[in-house]
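The following blocks contain the structures, represented as structure tokens.
Next come two complexes, and both contain chain A; in the first it sits with chain B, in the second with chain C.
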Partner chain A sequence: MKQVVFFILSIISIFSALMVISRKNVVHSALSLVLLFFSTSGLFVLIGAELVAALQIFLYAGAIIVIYLFVIMMIDLRKGTTDDIGTMPKMFIVGAGVLFFAEIIYLLSKANYSGIKDIYSGEKIKELGGMTGVLAKIMYTKYLYPFEIVSLILLIAMIGAIVLAKRADKK
Partner chain B sequence: MIPLYYYTILSAVLFVIGLIGFLIRRNIILLFMSIEVMLNAVNINLVSFSSYYDSLDGQILSIFVMAIAAAEAAVGFGILIAFYRNKNVIDSDKADLMKW
Partner chain C sequence: MEQLNYLSLLPEIVIILAGILVIAADLIIDKKDNIISEVISVLGLIIALFLTGNQFLNPEIISQNNMLISDSYAVFFKVALIILSLMVILISSHHIRERGITHRAEYFTFILFATVGMMIMAGSLDLVTVYVGLELMAISIYILVGISRTEFLSNEAALKYFLLGLLATAFLLYGISFTYGMFGTTNLVVIKNFLQNNTTANSGYILVLVFLVIAFGFKVAAVPFHMWTPDAYEGAMTPVTGFMSVGPKLAAFAVLGRVFVYSLLTLKAEWTLILTIVSILTMTVGNVVAIAQTNIKRMLAYSSIAHAGYCLMGLVAAGGLAGSLGLQSVLFYLSGYLFMNVGAFSIIIFLNKKGISGSELDDFSGLNERYPGIALMMSVILLSLAGVPPTTGFAGKLYVFMAAVKSKYMFLAVIGVLNSVIALYYYLRIIVYMYMKKPADLKEETNRSVPLLLVLGIAVVAILVLGIYPEPVLNFAKSAAGGMF
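Here is the complex of A and B:
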């Protein structure tokens, strides 16, 4: 049963990723990206990561797609881009990508998955009071320092975006 | 139970699709979307490994990846708007001011 759901979701996500990179119209690509984020979030729920699935929908399908659509709205796409490279480089790039994929699959087949299991199994998380609480406890103790750095990065990104997009002073 | 290598293979497929999209398109908005596809593949990998090894570090790392993706989109689109204002195109081949 779980495997059937997994296959359906993975086929949807691969299809929508292909749609993202192949559509001429950028709005269609953005909507396919939303579909990709939703199917990925379904995969996260399937594997037992509910909080990450919810954040995926809030952050990616909500916030980031809105930024994309705003920028698409502001730019004249008809004369903005030709978006055309020849057939030869395209074939070359696709061939290189397939080669890279074969390399990843080769490495995956050689890897051994005998890591040491940590303590946070499904029953243990249920006993400790749910995924969100446990994740928050780890994030604010063990990962406090990276968390602060990420908040600083977000602040810098906000200031940087404002400075970059601000119109230069009129002469 | 779904085997772990299903997830790793799916993530590899999505990553390679994003990589090919990044290389064959010239529209800068499409390039950002390809980066999001690749980051999504990385997130699948992190979450599946963290779930199979009963650890939560991978999920926290994937939350950090999402935050960095949001920051990257904001700064990247700031640069894109400035570029569009100067050149009136969003073609990545036209960004050749510093080329010899």
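Here is the complex of A and C:
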């Protein structure tokens, strides 16, 4: 049963990911992206990572897609489409991408993952009381230092957004 | 265990506080031409410099759950970064008023926060910390590049840098996730021990190396990840260009040294091969394309690419027989590069005025007749960038090439020397313009702010001192590099 759901969700994600990069109409791309986010969040649920699944939907399918749509509506996208790129560069880009992808697949298929043994497996996380609890605990203890730096990143991003977007009406 | 160790973070905390104070003070003090932002920033940085010096006296403190280390290697980079930040703030002070930047206080905050980000990178012992430090630096610099909002070039530069920077960040995260997959940890010490105990080959390591090289190759502007460099350097305000041509490079080389030389030394056969190719490409493309540039900022962009290539050569040597000598040469080279680049961009700022950018080759024609002192200083800086004795550029190149030869990378050293000859052409061309061409316009006003001239003087003196008497810095670099092996 789990396997069947997994395959259905995987096929939907791969299909929608391909739609994102192949559609000429950007709105179609953005909507395919929503589908992609939903199907990947389904995959996260399957492996017992319900928090990541929820965040995927809240943040990506919710907030980020809205921003994408705003940008699409504000910018005139008829100028400068992929049609401006010649056939040869396009072939090169696609070729390089395919080659790189094949390399990753090849190397990963031969890699061994001996190092990752005994780290948080699905069963262990269940034992410790669920994904959210484990994540919260580790974030506020072991990873407190980077967590604090992230707050600085948010602060600077907020100031930066104001600086770049504020209308220069004072004077 | 579960608490932050604030003591080991004191320099960073002071700079962050200064950055927040700058904004607050700007809100309270309403007077138009106040220099309170500059004063607070400079004071904060000087206090941080002393606190960092204090870390040097009690080194090797690992804190924050093994995520932060304050060894002499980290202190070396932190000192260099704070000095860079101080110099950039001093050269910006007058320039941003002239350019009519409305968000003056925020400008300094971004520089201070970017500095903190880079210091976090230099002292991090965990890839997660590297990532958050890098992001703090990168976001601050994206905004700095686009801060002159009304200018088309600035917007173009910011957007290009931002989009490609995001791509590089994505590669870094992907690389870190592979690292976690292979080693089960992101901690560099644990990875080092893991590699020493598990000697079986694993093709996944190559993925880790490739992705990390791409991510940091972008930050140091190594070929073929350099495409953003000329546009971003040209479009950004000149002080920002000075900042971003040195700072991210310093921080990225600090991380490259820490990750490759310290943590992944067992995999040196693989990463020296990758870095050798990248180094050759970077030196050659940087120097050859620089010849064709008529805009000095673009030329310096390509020259900075070439300099990254020389540093990568030192890193390759560090993975070979030269060992700590190679890393030491990289550190020394970077410390000289800091003064050369800030000096060169200060001169462009000096020549900048309304209507004339100061960054075209023609702006330099006949400079000797107009400002003999400035022309002389520019000559010293250019000769140093080209690597002519008795400057730091020469000493730095000498040590890097020596390390490469010692590691039996003879062909790398030969390519490096050939590239220096190419580089000589485009640097000397500016000197020819300054001394042998007639000036276009004799009466003009330039940016004669005292802090700018002070920084220029310091840079030139530092270039000469590091060239003639390099021992103190060299010894510092030696102790810093020695701790990595």
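Things worth noting here:
Following the convention adopted for this analysis, the second predicted complex is superposed on the first by the 146 of 171 C-alpha atoms of A that agree within 3 Å, B and C clash if a C-alpha of one lies under 4 Å from a C-alpha of the other, contacts with A are read in each partner's own complex, and residues count from 1 in each chain.
As a convention for this text, a contact is a pair of C-beta atoms (placed from the backbone, for glycine too) under 8 Å apart; a residue touches a chain by one contact, two chains touch by 3 or more.
If you're wondering where the values come from, they're calculated on a predicted model, not measured in any experiment.
In the superposed pair of complexes, A:Met73 makes contact with neither chain B nor chain C.
In the superposed pair of complexes, A:Tyr143 makes contact with chain B and with chain C alike.
By the touch criterion defined above, A:Val4 lies against neither chain B nor chain C after alignment on the C-alpha atoms of chain A. In the superposed model, A:Phe37 lies in contact with chain B only, and not with chain C.
In the superposed model, A:Leu108 makes contact with both chain B and chain C.
Number of chain A residues touched is higher for B, counting chain B against chain C. With both structures placed on the common chain, the touch criterion links A:Met88 to neither chain B nor chain C. In the superposed model, A:Gly48 lies in contact with chain B only, and not with chain C. Of the two partner chains placed around the shared chain by superposition, chain C is the only one that A:Leu152 touches, whereas chain B remains out of contact. Judged by the document's definition of touching, chain A residues 104, 108, 113, 115-119, 143, 146, 150, 153, 156-157, 160, 163-164 lie at the interface with chain B and also at the interface with chain C.
Those residues of chain C whose C-beta lies close enough to touch chain A in the complex are 1-4, 16, 23, 64-65, 67-68, 102-103, 106, 109-110, 113, 116, 120, 126, 128-129, 131-133, 135-136, 139-140, 142-143, 146-147, 149-150, 180-185, 194, 198, 200, 202-204, 206-207.
Those residues of chain B that touch chain A in the shared complex are 1-2, 4-10, 12-21, 23-30, 32-34, 36-37, 40, 43-44, 47-48, 50-57, 59-60, 62-64, 66-75, 77-82, 84-85, 88-91. In the complex of the two chains, the chain A residues touching chain C come out as 104, 106-108, 110-119, 140-146, 148-150, 152-153, 156-157, 159-160, 163-164, 168, 170. By the touch criterion stated above, chain A contacts chain B in their complex at residues 2-3, 6, 10, 13-14, 17-18, 20-22, 26, 29-30, 33, 36-37, 40, 43-44, 46-49, 51-52, 55-56, 59-60, 63-64, 67-68, 71-72, 74-75, 77, 79-85, 89-90, 93-94, 96-98, 100-101, 104-105, 108, 113, 115-121, 124, 134-135, 138-139, 143, 146, 150, 153-154, 156-158, 160-165, 167.
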